[in-house]
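Right, I'll just put the structure down here and ask away after.
First chain written, first letter: the chains are A, B and C, and each begins at residue 1.
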């Protein structure tokens, strides 16, 4: 006979679940709100700019001291034009250079940490590498500005143009130290720990029997790692690499302080100044707010939207690959 | 396990307690001044002196004139410092905004030429326009050599440095280029931000301080820097150019040349005081001078309005902010009496409506 | 015996080739280890260099007055910045702990439900959004849109949104490690989902969850770009207002003062860098120790 008494725990359970669902909903709500807001806010700029936005190199706020005119269906300042090809190129190139440096260095460091060090040293050096991940972006920028740029601009880059000048993009002028290579270098330092730590954990997690089998066949220690262990970890490496790419794409402060802040020019050499989308938004928001028609802030929102779309794509891709990799390895073991 | 929760709870209570017990200076009004990096050193001299005798808390910030204008308009800052007056479009959209001159300043054109930093190179508006639009690429270019006979100019590419932030210095520099060089006016015009012609070696810097740093780190570069940074320029042993004024004479920025240019304006400052002082006639006039403006919302509410009024009134007084010992430290010139009266009249507008209805 | 000699010679030569190949492989392996070691050395050198710079110049700039005076123009002290960083960090944690942990709990405990999958997917989306974009969002919606101006509220909410996915993910993973048998036993004894999760699963998962919260703390101490447009800057200590009043924070000092051409400003920037890096490293160490202690217990 069911009385008026509810089953113990059942009533509380539903409320708990609902409470968690509501509070936890802050995550999806925030994500959707931000992307939706950007899309809606940037819509007038999207309509005004069309495809020229990502195809042309002309970021121009227009004559700030002239009367707004009507053009392309919106009120804008005369001469206003928004093209961010140089930003897209700067972002992609700096991230590419960062990855080109970070992946070999990260893999090498991970291999050395996992295999070549005794327990104590491995612990402390792993910790050292992970400290690199903890340093805030603005402190990287501070170090880059105060130490790296004078070193690169006065000594290393001129040396490089001398030695490597025959390679296209590596020649004169050596520039001031602010530029693409510097930004790529600083970015690589910021993302290397991600790759190194993930890979090191994955290597140590590999079962001993693979190593033993390889040793029995006469492989050297390194050959075991290179030809037996690492190939199985390719998905992990790709996943970690893509996550690192996502991080590098969104870096703001460090890049802002070392990239040279190029405007409307594509880099012509590895030492030339660039601008990335994230750094551009940070440095140009103040200027954009001076536009009385508001089109400039909306154009910046469009930049943010493009950046978001790229970053989200990259991140989701990484998670998918990592998920498939962990599923595959657990299937393998089973 | 239980200890974790207890620890977290304790930490939370302590944290909350500290935050709530934080010294609450809610009694004193807070004023945020933001904007021009040219005016920033002067505000940093004024605020400690003024706040010693007056109960108000003024935060100063160097973010560029563009930010000063936009934050004053949107109410984020109570005083927007700007070397540039409001644009006609801005004034139409926000008719309640005032631009109030506080002092007269000027701008230098500086360069970093290893052999020539000790002497004053002669440069003119058209030459600078050529440098900044890429038609003049080397220091030993004929046009520069013509202005400087007998000077051994290095054969090296010029590195022009410009501001990346919304800058009043860009405003007055580009106004100078526009007024002196017709084709610059047509091709690029003037503003707190313009679309700088793309030159391979050019560098962008943030704030006057960034300009000084960039100039110092890059030999063979040229930059436009506000006069309040003259100390940093001399300290770093960088060069200052003598600019050609409208009368064809080459002058450096000093009290005499700036005052001559200000005087040449006559009584032509309008009531809203939005006027350009660039490229004034007169044999002694320095070509790049400007009013330093405080951009203020006339409809500001009353706790800050009264304090802002008092502070700005003090700042334009010849025995207050416009006193020689302040002006000399930043190489500014005090407001002439007629302009001071106009500024005071505008200052009295701040919060006037609220006062009237009270 | 000529045939035997030929055969012997062939064997000897094959052996020699084999040995040569082995030594070549050994040499290559040796070289590879050297390169890997060099990579690690380069990384260690970089971190030592960066921390060394901050330590050396930061310590040189430290004086007691830094902690007791506020910033005045480009000189003075860091009291307002330190207090501001603490206030913002506290505000961020206050928001991110309930919301983030709840998201992680839901994603772990009701794993197969649609909402959990939505939370998981959009958490990955949120974590990929660059922090400057979130700062821009905070500026337009809260600072301007809601009229809060530069404020602790706008800054804390923005920072909390940035940290949410990290806390959610660590909580979810931590709860995933808790053996299902424990939950089943608790349910069998009549406990409801709330009791099971909060009293039992969370207790076991607590060290990892705390690590996630510490990560959020580190992020809120070290962020700059979003704060530039939501917190503003103030030369004074916090006046207790959640909206309408800007607040100072250490990373602003690093960013803004290193550019000024005055030695006093540079000293402040390095001192601020020392404090920020020190705080973040301490949090990192604390996380590690908590995890190690928990692992040892298990």
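Throughout what follows, contacts are C-beta pairs under 8 Å (C-beta built on N, C-alpha and C of every residue); 3 or more make two chains touch, one makes a residue touch a chain.
Keep in mind that what you see is a predicted model, and the values were worked out from it rather than measured.
Counting hops only between chains that touch, chain A reaches chain C in a minimum of 1. With centres computed as the average of Cα coordinates, no chain lies farther from chain C than B.
The interface with the largest number of contacting C-beta pairs joins chains A-C.
Annotation: 15 Å between the Cα-based centres of chain A and chain C.
In whole angstrom, the spacing between the mean C-alpha positions of chain B and chain C is 39.
If you average the Cα atoms of chain A and of chain B, the two centres end up 36 Å apart. Shared contact sites, meaning residues of chain C that touch two or more other chains, are absent. Looking at chain A, one finds that none of its residues touch two or more other chains. In chain B, the residues touching two or more other chains are 74, 206. Only residues 72-74, 83, 86-87, 90, 143-144, 149-150, 203-204, 206-207, 210, 232-241, 245-246, 256, 259-262 of chain C touch chain B when the two sit together in their complex.
Within the complex formed with chain A, the chain B residues making contact are 63-64, 66-67, 69-71, 74, 87-90, 93, 157, 159, 164-166, 189-196, 198, 200-201, 203-206, 214, 217-218. Here chain A touches chain B in the complex through residues 57-61, 63-68, 77, 79, 149-150, 153, 173, 176-178, 260-265, 268, 272-273, 283-284, 286-287, 289-290, 292-293, going by the rule given at the top. Residue ranges on chain B touching chain C, taken from their complex, read 1, 4-5, 8, 15-16, 18-20, 22-26, 30, 32, 40, 43-44, 47-48, 57-62, 74-76, 206-207, 209-210, 212-213, 229, 232, 235-236. Of all residues in chain A, only 8-13, 15-17, 19-28, 30-32, 34-35, 37-38, 41, 104-109, 111-113, 116, 125, 127-132, 134-143, 145-147, 189, 192-193, 196, 220-223, 226, 246, 249-253, 257, 278, 281-282, 285, 297, 300-301, 304, 307-308, 311-312, 314-316, 319 touch chain C in the complex they form.
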